[in-house]
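In the two assemblies presented below, subunit A is common to both, partnered first by subunit B and then by subunit C.
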Partner chain A sequence: MSSTTDLPVLLPAAQRLAERARREREVGGPIPRLTARHGAWLAVILVFSAGAAGAQAGAAQESVLSIMLKWTPLLFQGFIFNLAISFLAMAGGTAAGALLGIWQISLLPPVRAGSWLVTQFFRNAPWLVLLFFCMFLLPFQVEIFGVVIPLPDWIKATFGLSLPVMANVSEIVRGAIQSIPSGQWESAESLAFNRRQTLWQIILPQCVKRMLPPWMNLYAILTMATVLASVVGVSEVMTLTGQVLSAEGGRTDLLVPFYSYILLWFFIYCYPIARLTVRLERHFVVKT
Partner chain B sequence: MLRKIFGLMVAAGFAATLAAAPAQADAIDDIKARGTLIVGVKADYKPYGFRDPSGAIIGIEPELAQDVADKLGVKLEMVPVVSSNRMQFLEQGKIDLMIATMTDRPDRRKVVQIVDPNYYSSGTNVMSQKAAGLKKWEDLKGKPVCGIQGAFYNKKTQEEFGAQIVAFKGTAEVYTALKQGSCIGFVYDDSALIAQLQDTAQWGDYEMSLPTIDDAPWGLAVQLGEDKFAKLMSDMIVGWHKSGRILELEKKYGVANTPFAQAMHEKYKNM
Partner chain C sequence: MEGFFAWFQWLYDETGINLTYFYDSFDRARMIGGFFTTIWLSLVCLFFSSIIGIVGAWLQGSRLVWTRRIVQGYIQFFRNTPPLVQMYFFFFALGNLLPRVKSEFGFMEPMLGNFTWAAISLSFFAGAFNVEIFRSGIEAVPESTREAAESLGYNRLQSYLYVVLPLAFRVCLPALNNNLVNLVKTTTLAYAIAVPELLYVSNQIWSDSVNVPEMMTTLLILYVALVGLLVWAMHRWERAIRVPGYGT
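Here is the complex of A and B:
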């Protein structure tokens, strides 16, 4: 194939485009990419909406920007809370999902069927519905051997969000394992590897590269989905924004600037993840 | 023989559960042992409960909650609730006490123990554009009217007056929807609407032209069966009315003194 080099040379435009086309063929579609320009547009919208709102408000009222500054520390705490929920839900969902995904290719039919059913159930259930179930079915505290462990709302929300993550990770793992050419299994067998060794030492290491981009996409989606927890009363950034707006006395000119502000934060957080995904994809590319 | 033993075991099981029920400690003991009183309050309902920039919940109801905590000699912890989850939180035992702008309704008394006497009151009214020219409640028929999710008068406005309720999560969304014309009016507590209409720069073109209906008292609530705690709360409420605490708080948070609070103060002040 084409000659590739690891030297940091500036590729001419044609070669860069060819490279991109090749990668897109590999993925099987255009690679959606957030660029810094999108963030700049968001910022422009924010400034304009705040500015327009400020012009409407007149001199008597506090300006929109100073109100936003005043509430930023509180809202930021809420945002950190969203990120904490996303980390925990991703960690829990990935651990459970990896196990479930491996069970999906088990040689034991009951294990295979059971994990398939669980995966399909949670993959095809709306996230918000799962969240509601967890909020209202789980008790607010559990007692294990006389020790009372409280289950605050955000733990329940985290659990509720980790269920769909688990099912999606399960499918990512299953898909990646099955996408490895069967020749790999056959040659491993001919080299006297048993099934477990083949899976751990030959198949799964090759899966990492295929699983990473969809896994990071899933994380970005999950981060956006953490605001769903506002519906069930967790004090995260959306809930707080609503409360801030009503503390400001229901001023209608604040709604758009505040929600754009929150949007911008999510963008600033998710954009580097998108860039990192691209870099990792490059890193794991197998040279042919 | 085996059946007999099984029967005995079942009977013993029943007896054990029956014996276990009255042995539970009551709420006051629990609160004192824990050292904190957990109260469910609103955090999106100015001036009854709202956030300050530090994130603390302040307002008329949080102050009342603080009074209760002081009386019990424990720390106060406030949990923000919304209309749609406040009764579940109390039932589950997540909060000890609920002071959350809840209207005292017979169906709610079956779920939670609402303490007598009532501590506050408000009626239902609709805020709408002057141009809409609403005169009576029947004028709402077939028209979209904004409301807050979980408010009891949504159902009534819909069923009795034929309005189409568009329910939102918080007041900020409703006011924006109202400004944008997504609905012709906002059905809500009259006291809150009066406060909103005072801002003539924003709401000069709006009015509250319908007669106030359902002037209904608000109830604070404890879990069903917590008679001792309910008794204590009942004494607290009488104390608030007697000393004029509610009137004082209304003044502090910029609400005109309501007829209900004045009447209750008159009734209890010489007792």
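Here is the complex of A and C:
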């Protein structure tokens, strides 16, 4: 922009909104912005609903606190299971997505077009549909060289969740590579680096810090999406909570305490990640 | 047309690829119904979430502290909880609180059906994002632009309608599009409360005809085509009306 004027065409809010839209597009969905206040609200809801349930229950029944303590080990196992699904889906999705993202800037048109198509395909499909697709279409076991490998439900769910992660990582990688000024490529070429060397030794190392915040945002989104696996019957924390509630005789007064308890766990896990992401975003802000 | 449908019957007999929604008129009606339910649900939610967004943005500029706080609380609640939980909350918790009415067959039925609840919960979900988007869009238009419009003889409403809103809309559009695409994808969650949208009818069809692979593939292709078309059209529109120098 060459024009100089004291009067702005648009105020900074416009640039912020554009930046927000760009970030959301990179990870393919709204980015959660957790603050400490959200955790405090959850804790307040938990305490009050447990108190109300306890007051309703009367002396004859077990106290809400002891019911919750009794089931905590089981529910915690389910929660760990969610985290395991999120780790595996993130690892698989990142590995495949990084490859796909680099292919998206390939010099070979078929490779470029093919990886673009795959990326767009899995970015545009709803998560739940991909999850259903993997749950129903993957076999319950595969045979490789005579070795039978069973594929339990949760592995299929992990695979189903890693597909959208892959597509979004691919976009993050492509975006980061293209955000590196072209002068970097040209100066590397003048120093007699070939394309592969330029990419691995000059471009990608600079991309890492730009990719980290969106990658972490994607992880937070994925962690929250793991509860979708309950819709297809994987026994993760949401499914277990439903089972625990029916085991306790379907008491409606336990509904709010139990679910806010689970939400609080998710909060405690996601909050530090969200804070760190915000800090990294500020730290790595691209100066133009 | 009959020959076209009969071909799929032949395809099934010859290859075992069972696309029931082509040759079976009952399944065809269900599938078309599901497709249009998805689109209708998206349109209804788009309309109401925009209204919520505009009203919310206006209320956020209110002078009353508590009005602003309530709007802020609404945004925070709907932004940071999973839409599936919101839908369950609306359908099972609020739905049970409403009085039951007699249906045309004489059964006692909940006052609002599951489609209505899905539309309400998704509109509130998408509306929470729209409030923030519209708010920043209007904030982005400088006071001097409004004053310039006033000096040209526009009154308050006119300057708002012809100067502020068009500019704000051009700033908002990319973020609004993200929200819209996300909304269309989120309509699949209405499956959980048995709204007969695309995912739900496909589930019914594959339960009846045991043609899971065919239905899953159809479903995936339909959604990708729908969302892909939307994204493509919206990006073209965005590029056409973007304000030079702002965003990419």
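Throughout what follows, the second predicted complex is superposed on the first by the 242 of 288 C-alpha atoms of A that agree within 3 Å, B and C clash if a C-alpha of one lies under 4 Å from a C-alpha of the other, contacts with A are read in each partner's own complex, and residues count from 1 in each chain.
The working rule: a residue touches a chain if its C-beta (ideal position, glycine included) is under 8 Å from a C-beta of that chain, and two chains touch if they have at least 3 such contacts.
The structure presented is a predicted model; accordingly, all values stated were derived computationally and were not measured.
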Subject >> Partner chain(s) touched by A:F136 [first = subunit B, second = subunit C, both, neither] >> reply: both
Original post:
So, does A:K70 touch the first partner subunit B, the second partner subunit C, both, or neither?
Top reply: first
**OP:** Between subunit B and subunit C, point out the one touching more subunit A residues.
**Re:** C
**OP:** Scan A:Q120 for contacts with subunit B and subunit C and give back first, second, both or neither.
**Re:** second
Original post:
Does subunit B (first) or subunit C (second) touch A:A13, or do both, or does neither?
Top reply: second
Original post:
So, A:L107: does it touch subunit B (first), subunit C (second), both, or neither?
Top reply: neither
Original post:
In the superposed arrangement, which partner chain does A:L254 touch: subunit B (first), subunit C (second), both, or neither?
Top reply: first
Original post:
Does the superposition put A:L128 against subunit B (first), subunit C (second), both, or neither?
Top reply: second
Original post:
First (subunit B), second (subunit C), both or neither: which does A:I144 touch?
Top reply: neither
**OP:** Figure out whether A:A192 sits in contact with subunit B (first) or subunit C (second), or with both, or with neither.
**Re:** neither
**OP:** State which residues of subunit A lie in both footprints, the one left by subunit B and the one left by subunit C.
**Re:** 136, 231
Subject >> In the complex, subunit A residues that touch subunit B >> reply: 58, 60-61, 70-71, 73-74, 77, 136, 139-140, 230-233, 235, 239-240, 242-252, 254-255
Subject >> Touching residues on subunit A, where the partner in the complex is subunit C >> reply: 1, 7-22, 24-25, 29-30, 32-34, 37-38, 120-121, 124-130, 132-133, 136-137, 224, 227-228, 231, 259, 263
Subject >> subunit B - residues contacting subunit A, complex >> reply: 43-46, 50-55, 80-82, 85, 88, 92-94, 169-176, 178-179, 196, 199, 201-202
Original post:
Across the complex, what residues on subunit C touch subunit A?
Top reply: 76, 79-82, 84-85, 129, 133, 136-137, 139-142, 144, 167, 171-172, 174-175, 177-179, 182, 185-186, 188-189, 191-192, 199, 206, 212-213, 216, 219-220, 223-224, 227-228, 231, 243, 245-248
